[in-house]
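Letters A, B and C mark the chains as written, and numbering starts fresh at 1 in each.
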Amino acid sequence: MTAVQTPPQAGPGTAPVRRRRRPVTRGRILLHAFLVITSLVFLFPLLYAVYTSLRPYAETAKYGYFSLPRSLTFANYTHAWQQSRVLHFLVNTLIIVVPSLVLILLLSSFVAFGLARFGVRGGKWLLIMFTAGNLLPQQILITPLYQAYRVWDDQNWVVAHGAFIYDTYWGVIAIHVAFQIGFCAFVLTNYMQTLPHELTEAALVDGAGAWRQYWSITMPLCRPPLAALAALEFTWIYNDFLWALVLMNTGDKRPITSALNNLRGEFFTDNNLLAAGSVIIVLPTVLVFVLLQKQFVGGLTLGANKG
Amino acid sequence: MRKPMLPNPDEPVLPAAVFNRRLFLGAGAVALGSIGLAACGGSSSSGGGSSSSGNATGTVTFGSNASDDVPKKAFQATFAAYKSSGGGDVKVNTVDHNTFQEQINNYLQGRPDDVFTWFAGYRMRFFAKKGLVGDVSDVWQKIGGNFTDAIKTASTGEDGKQYFVPLYNYPWAVHYRKSVFEANGYQPPTTLDEMVTLGQQMKKKGLAPLAFADKDGWPAMGTFDYLNMRINGYDFHINLMGGKEAWDSPKVATVFDTWKRLLEISQPNSLGRTWQEAAQTVAQKKAGMYLLGTFVGQQFAEGAERDDLTFFPFPVVDSSVGADAVEAPIDGFMMAKRPQNGAGAKHLLEYLGSAEAENTYLATDSNDVAVHKAADTSKYNALQKQASALIAGAKSISQFLDRDADPTFASTVAIPAFQSFIKNPADAASIAKNMEAQKKSIYQS
Amino acid sequence: MAVSTTGVPTGAPAPDVPKRGGKRSAHRWTRRDKFVLALMIGVPTLISVALVWVPALSSVALSFTRWDGIGLDSIKWIGLRNYREIFTIYPPFYPALWHNLIWLLFFLLIPTPIGLFLAVLLDRELRFTRVYQSVIFLPVVLSLAIVGFIWQLMYSTDQGLINAVLDKFGVAPIDWLGNPNLNLWAVLIAASWRHVGYMMILYLAGLKSVDPALKEAAAIDGASDWQTFRYVVFPALRPINIVVLVITVIESLRAFDLVYVINGGRNGLELLSVLVTQNIIGEASRIGYGSAIATIMLVISTVFIVIYTLNIFREERR
């Protein structure tokens, strides 16, 4: 690849560089060509699945999946939508995801605030404990967790008040929150450490207590990581299936990751139908990704004019 | 799935107006609303009724693994008939087939539905022994006369009490297309030698003799079961399943040796093929015979193709043993240990054990055959009639390896062992030895 | 996991977690403040300990028992027997270890460098760079069950795309998923499809934190692109490399969904996480046995977690 010019960097204190019109060198064209091809290669499996989902089953049974389309149809989508009851399960998923997300961000920002802005002895170890907890494989937790839920549910006062946690959304939300707090706490702690102390000092002089400092001053400054974390956590919680598999009993309450199973017959599997179902199920995450793309991708970076 | 976050306070990523405190609070309100919704939808009513309390015609909860369209509708019809014959409402909790089975341990220890679908055999006795399911012997007092002894034995726990009410069963047999046999002048073989010879003939014609698929791990168990029963007899087979015989014994070695002969006429690459794909090769006339349960019919198009499907029983291997054992798994129902509505559950089970229930169910789901002595067989299709006759003539009925053996053994030992054997038949001896070592570890009480 | 203090402007004092409260101000914390802070830190800690650490340590304890998961009173202490059996008579164990190792090496040698390469390409002012990044990152937001399904459409012996294309060239169908010598590689390609985007994003973030003045200085000194990368940029990526290493290791150890969806994790696709699942979820109920395998996974993970945290400490002290 021919050498590519690097743009002049702004020194500290100067205004940010405006994007210059770049000469269309041969190097650039090659670069773009390479990237376009790479992108297509990456998109291909997904596009193929979408293609499969648009073809009627009779046609692919006859001509095979790798064939030119004689007709395209949305029938698989309507069928998948109805048979897998996607909307119902999507609502289930949202009932799990949204509270989990809010609680995770809230609680992890609490920890981050406490650790970053105020000295806590052993704060580093606490942070390590949180982070390490997130690196554990889910299978290690699952059986004791289930048994803990079951034992709780057996207690007399729990039965008397109906405060069950097994087979409830609350039970699944709880483990999601506990599991994901670690990562978010770590990220937010690091971020809050970089916030200038002058702001909080000014607030202190004004007599603001800890909560005011947290809610009114620090949190509004944390929008970038909060947004990025919200986007990421949405995807991760949405795509999880193990917690709900083990901690729920009622088929109807399980989240959307179970919906795909409803399309998989015990005896008969229609790949076109499954493809349509899969596309429907990934749409929310893709949507969140597209809308918050800057947070996923661009927002996680340091500005070039730092340093 | 962790990603590093490099904070950048200097580069705001969202215009401030979009993600501000109001939005956060708004999300919080949504969250609280969802939490409220979760709390409402979450807890069920307090549990713990004894099995005789409750209203016989009140609501009964029913846990179902019938997530497929056809069985789901069949159950709906059955419960509608139950209601119109004086029963109560049945609230169905459908979980997809695989998940239901995967979660059964947790399901039973949690708060299971009053009545739920399950299978006969060791798989049932295992839970009965653990005290996780309810005793339905009093229901059997009323319905016992309608079933053969073999069925009753399969429904009985180790303590002599009944824990299971059957609904239907289906046999495993060697399926083939009539037209293919007729066109080539083949006769259904009655002995294993005849089947091997037939297989060689088919090979010459370019027809895969025995369709074979074991990607999911369990289909190969059918072959093992039948070979074991035909060579060593039903009792030895059941004892082997129960952990009372050794896997590295010469008797089992004979079974593996005989299986090697069958492997020579079986489809290659079976570990990458699902049974549905194998069935389709039979439908497409690319393979001649297929040992599977009669549910294989679902892979054949309705009409001429499915009518062309028939089967012959697994052939005799040792004439002194004969072929009077049939592998015919029974599906049915069990009751929770502490159902919410015990009286209702038993009332429902009594109905489900009746000919009327079986007729209603099978009218919609025609892939199986009834177990009730007085069930209406007039509407059976040809395959069902054959299946019914086969089971009726059987002296002993086995339930399939993963229902007759300890579940841990079946899934963690038998499946990988059979797959290893299929890949390397010459390793049979060392595979069997390892199976025995693991069996000892699993079956000790 | 985050890169700790990279990107802090040079010359500014590195911020750290103050050892004692507010050492820059003379403020004294009110009792109320202390209470609020205690709650803010204490409640999440309690939740994390109760729902994550207690179960994790319980699993370790359970690995020394024999238990079928039904009723707490049937737990029987048997010492190291589970471990002995796993290491001696459990056929899938060594293949699983080996496959996890292959998984790790494959990830380190192929998708990770590709991700770095793409990140370097995209870390410049380029039109459509966002589009390229999004497309390559897209597989990361898909659930692995769906990734498994999509790739089975490609790999299926009778109905898959790859064999159909090969058929047009007269090549006999290859049993991608059923042949134990091939299927792990087939799955690794599907997994890499996802891993590349993940690595690319990490490296993009890391590259943005490299001080551009360093690159300028190298360019002025006459270094070529490759030399600049090798001697200036790559060493500066050390913090992000640690993160990448740890993530890759953890992902390789935890790999589960893809193989489970394809064939339940058998016949060449055995992995440690699958073995755990096979023993504790489903009708098999060898909780002690499964917990022992899980503990082995935990021990292996701990080694890398320790490496990572030690490194973070060292970073912060710099």
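Note that contacts are C-beta pairs under 8 Å (C-beta built on N, C-alpha and C of every residue); 3 or more make two chains touch, one makes a residue touch a chain.
Since the model is a prediction, treat every value here as computed from it, not as a measurement.
> Among line, ring, star, complete and other, which best matches the way these chains touch?
The chain contacts form a complete graph, every chain touching every other.
> Could you find the chain whose CA centre sits the greatest distance from that of chain A?
B
> Select, from all pairs of chains, the pair with the highest number of C-beta pairs in contact.
A-C
> With chain centres defined as C-alpha means, what is the inter-centre distance between chain A and chain C in Å?
15
> From the C-alpha centre of chain A to that of chain B, how far is it in Å?
Comparing mean C-alpha positions, chain B is 37 Å from chain A.
> Which positions in chain B are in touch with at least two other chains?
1-8, 102-103, 109 - these are the residues of chain B that touch more than one other chain.
> Got the chain C residues that touch at least 2 other chains?
1-3, 6-7, 69, 140, 159, 201, 205, 208-209, 250, 281
> Send over the residues of chain A in touch with two or more other chains.
Each of 135, 183, 187, 190, 194, 245-246, 298, 300-303, 306 in chain A touches at least two other chains.
> Show me the residue ranges of chain A that touch chain B in the complex, using the header's touch definition.
83, 94-96, 98-99, 101-103, 134-135, 146, 150, 153, 159-160, 162-164, 166-171, 173, 183, 187, 190-191, 194-195, 219-221, 223-229, 232, 236, 245-246, 249-254, 258, 261-262, 264-269, 294-295, 298-303, 305-306
> Given the complex with chain A, which residues does chain C contribute to the contact?
Interface residues on the chain C side: 1-10, 15-25, 27, 29-30, 32-33, 36-37, 39-41, 43-45, 47-56, 58-59, 62, 69, 72, 118, 121-122, 124-128, 130-146, 149-151, 153-154, 159-161, 164-165, 193, 196-197, 201, 204-205, 208-209, 211-213, 215-216, 219, 224-225, 246, 250, 253-254, 256, 273, 276-277, 280-281, 287, 290-291, 294-295, 297-298, 301, 305, 309, 312-313, 316.
> Considering only the defined contacts, which chain C positions touch chain B in the complex?
On the chain C side, the touching residues are 1-3, 6-7, 68-71, 85, 89-92, 140, 157-159, 175-180, 183, 198, 201-202, 205-206, 208-209, 240, 243, 247, 250-251, 263-264, 266-267, 278-279, 281-286.
> Can you name the residues of chain B that touch chain A in the complex?
1-14, 16, 19-21, 24, 27-28, 30-32, 34-35, 37-39, 41-48, 67-69, 71, 93-100, 102-103, 106-107, 109-112, 276, 295, 298-299, 367
> Report the residues of chain B in contact with chain C in the complex, numbered from low to high.
1-8, 101-105, 108-109, 123, 130-132, 215-217, 269-273, 277, 280, 407-408, 410-412, 415-417, 419-420, 423, 434, 437-438, 441-442
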